[in-house]
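If you scroll down you'll find the structure; I have some questions about it.
We call the chains A, B and C, going by the order they appear; numbering starts again at 1 in every chain.
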Amino acid sequence: MNNDTLIPLIGVVTDIRQDTPDVKTFRVNALEGGKVFEHMPGQCAMLSIPGVGEGMFSITSSPTNKEFMEFSIKKCGCLTSWLHAMDVGQQITIRGPYGNYFPVETELKGKDLLFVAGGIGLAPLRSVINYVRDNRANYGDVQIVYGSRSKDDLVDYKEIIDEWSADPNIQVNLTIDNPQEGWDGHVGFVPNYVKELNPSTNKTVLVCGPPIMIKFTLAGLKELGFTETQVYTTMELRMKCGVGKCGRCNIGHKYVCKDGPVFRFDQLDELPDEY
Amino acid sequence: MQEAMIKRAKELLADGTVNRVMGWKKGEFAYDITPAVFDTAEELEQDFVCDDLTQANVSKYLIKESRKEGRILAFLKPCDTYSFNQLIKEHRIIRENVYVIGIPGGPKIDVEKIKAKGITGILSVKNEDYTLKIETIYGTETMPFYEAISGKCESCKSKKHVVYDELMGEEGDVLDSNRFDMVEKLENMTAQERYDFWRGELSKCIRCNACRNVCPACTCESCVFDNPASGISQKAAADSFEENMFHIIRAFHVAGRCTDCGECSRVCPQNIPLHLLNRKFIKDINSLYGEYQAGADTTSRAPLTDYKADDCEPSVVHERGAE
Amino acid sequence: MLKIAASRLNELFDAIAEKQTLYIPVDREPNTAEYKKYESGMTMSSALNTVRSAKDFFFPQTENLAEFKVEGKSIEVKDIRQENEDFVVFGVRACDARSFSILDKVFLSEPVDSFYKNRRDHGTIVTMACTKPAETCFCTVFGIDPTVPEGDVSVFSDGENYFFLDRTEKGTEFVKSVENFLEEGDAAKLAQVQEQARSVIKKLPLAGLSTDSFGGDKLNEHFNSEKWAELSEACIGCGTCTFVCPTCQCYDIRDFDTGHGIKRFRCWDSCMYSDFTKMAHGNPRTSQLERFRQRFMHKLVYFPANNDGEFGCVGCGRCLAKCPISMNIVKVMKALEVK
């Protein structure tokens, strides 16, 4: 019998990084080393601890990383609490990759890119950002606007400062919701900050974060003259199968696990408002 | 009666006593009647139905409806008034937001019993002097009215309305019911026979949750069986033990609060006689703590939530001869 | 056409059951039928249909997907799949027969669901033509002819005989395997019976139901309809419609700790349930209106949008008969119909 996507593979956690008080980034390798499978930026994988649960998480590492996969996971439910309690060496089950991906090799090629992320919403975009950095010649200007509740809630802060900010070819704009000691950067919500920065409307935008942030960011971008066909986002709904069969992650006739998670706003606009 | 009900409902809408009417709506055939809320006289005239086939107990809907703006008129059969009262007692229904008209009860007709006779293509059902005249696409069929009586009406416990603002029709009495006959029969079985009986019935369960969701006593905001944090949540039983567990835990949970309205068995798509589990509890409560009818009043203390010095001890289980 | 006398049907069943597992509909209570594994002496039900649909044979209510052995930090996955044994389902009605091709579109599309395919590959479907449809029947609305059901083999009754028509390779093989029991028969009376059935079918109360107002291109128009509030108002949020439905295919995946290993199983789920789309941090469908709407939008709009216009309903009428509050797809279609 052929392999069935519902029967998972085994991965082993080889590194755990505490990124924020409630976000950890887990490095996952195949048992024999290397990656469990290849993916494209924006795609997801089903991770599980048997007996605890299974959940869909976006793969935050770039496909250009040939050694391992990484998942940045926020602690908010039963499974994620269990994952947060893991130690290095713990095995997990993993299946995927699932869903479509950001069109890094087609529509985004040659474009000026604006990444807008809020909180844990950086996780899926980090994969694209690092992919773009590793294929820098294929893309135009790169600007990253990233915000969180506080300085401590900025996921991957070290990478942002040490690598992205240090890269002369990338403009990084960070913001936090409220003033904080030791923070001399921008203070304010992401959507407002994007408007203040007044990015050029020839950019293609990739936005991910809490629904309310996405909503206001999109509204702000439209005010600046952006159109919905220029803006991509990635969605998250409850999933069980990952392949468009279990029937719960649909928005209209589109399954987020299979037809998404990456949607352009003009595509989303045609779908019923139920997400 | 239906015409009188529509007329009265229209009056109460017109004089502002109520702003909505909880009743039942006609379907495609004679029997597919849906509980519905009516806002206007026109809607009532067009769709309101209350006939021999109108079985649904609408009390549970009043939990939500009594929390909406204004006052709602509800037509309650005697059995429904017990459910309503029990929900008042449990502070689930806001009494002053419901205007209750007591209407005569059954016996109601269960179309499943007509279908069980092999009669199909049913278009209309008329009771002509206790003979049912059934128009079907294959011609007219007849059968005795009493052979089509719904299970819940066969063992009716009361024709008396325990709560109402006004009554239509004559008031009845609490009946000397035969409702514990089958329970007694089960009690007289050997443990193995009883186990086999229940395994046979409960193994038919498809876990659609219709019994729980229709039950006026099941009003938890979130059921333990739906709550992953409860440790016993399940959508399908993993084994026969879990199959039993769902129904038995549910019966325990509604013990002392179940008014024996019979909705659980009525809606079961697999015809499992679930009400027998509840009746066993009712019968035991009666014999261990003295006669008690849930929903008969709104003030008494229920035996299982009350303490009396002469309450039976847990050892009663053995004294009664557990096998 | 090849036939067997009705009086000899059980001889045929005995012969089939000798070689492979045979399922037939039998009466549990009067006019309440369920599929059972055939044992000698069982009588085939004369009920129009079973309470549970025939989807159970290919998509059972629960099935194990994998087993895990967890020891310390290590996990072992056990692939417990085994090649299914051949089996025959006898007496499937035209509506349920069509439901298989709808389920195929879900489970056999890439990536193929091997659990479903395994059963499909090994099952032979012998269908039974309808002669006495019920008032709840509306399969013709979805282009199904109940007098000539799909399947590997179609069987037709003229009251005294059962006639066999093989329609697929598997069906031909099946008929060949039992040809000792069959003889050439005169189908003149059968033609009469079929004609009579067809004339009844034309006059069924729901025969005039129209699908014209539905389909993949009617997305937002129906989604945003004001009718959903009234239609869903009495829904108690149970899963009866879903579970008796031959085309409902949504499932949940859960783990069960047996005490000596974890079993991962999948089970039927219902979009009518309050926790269907619930996540740790929110739920896109918080009201019963939204959940109710999902079920009917799926059958009447989303499914056709993804499957060349095919609807996710076969008009079997089970939900009409079984919904605790008698709300169903027919009432929804009539309410949403654009005249």
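Things worth noting here:
Going forward, a contact is a pair of C-beta atoms (placed from the backbone, for glycine too) under 8 Å apart; a residue touches a chain by one contact, two chains touch by 3 or more.
Just so it is clear, the structure is predicted and the values come from calculations on it, not from any experiment.
Ranked by how close its mean Cα position lies to the mean of all protein Cα atoms, the top chain is C. Across the assembly, the mean Cα position most removed from that of chain B is the one of A.
Chain A and chain B have Cα centroids separated by 51 Å. Averaging C-alpha coordinates per chain places the centre of chain A 40 Å away from that of chain C.
Here the CA centre of chain B is 30 Å from the CA centre of chain C. Among the residues of chain B, those touching two or more other chains are numbered 228.
Shared interface positions of chain C, defined as residues touching 2 or more other chains, are 252, 269. Residues of chain A in contact with two or more other chains: 78.
Residues of chain B touching chain C in their complex: 27-29, 31-37, 56, 61, 115-118, 120-123, 136-138, 204, 206-210, 212-214, 222, 226, 228, 234-238, 266-267, 269-271. Residues 28-32, 46, 48, 51-52, 61-62, 132-136, 200, 203-206, 230, 233-234, 236-240, 242-244, 252, 254, 256, 263, 265, 267-270, 273-275, 320, 322, 324-328, 330-331 of chain C are the ones touching chain B in the complex.
Chain A contributes residues 1-10, 50-54, 76-78, 80, 87, 89-93, 236-238, 240-241, 243, 245-250, 252-253, 270-272, 274-275 to its touches with chain C in the complex. By the touch rule above, chain C contacts chain A in their complex via residues 65-66, 68, 70, 73-77, 79, 81, 83, 106-107, 111-115, 118, 216, 219-220, 223-224, 249-253, 255, 257, 262, 264, 266, 269, 271, 276-281, 284-285, 290, 294, 297-298, 301-303, 305-306.
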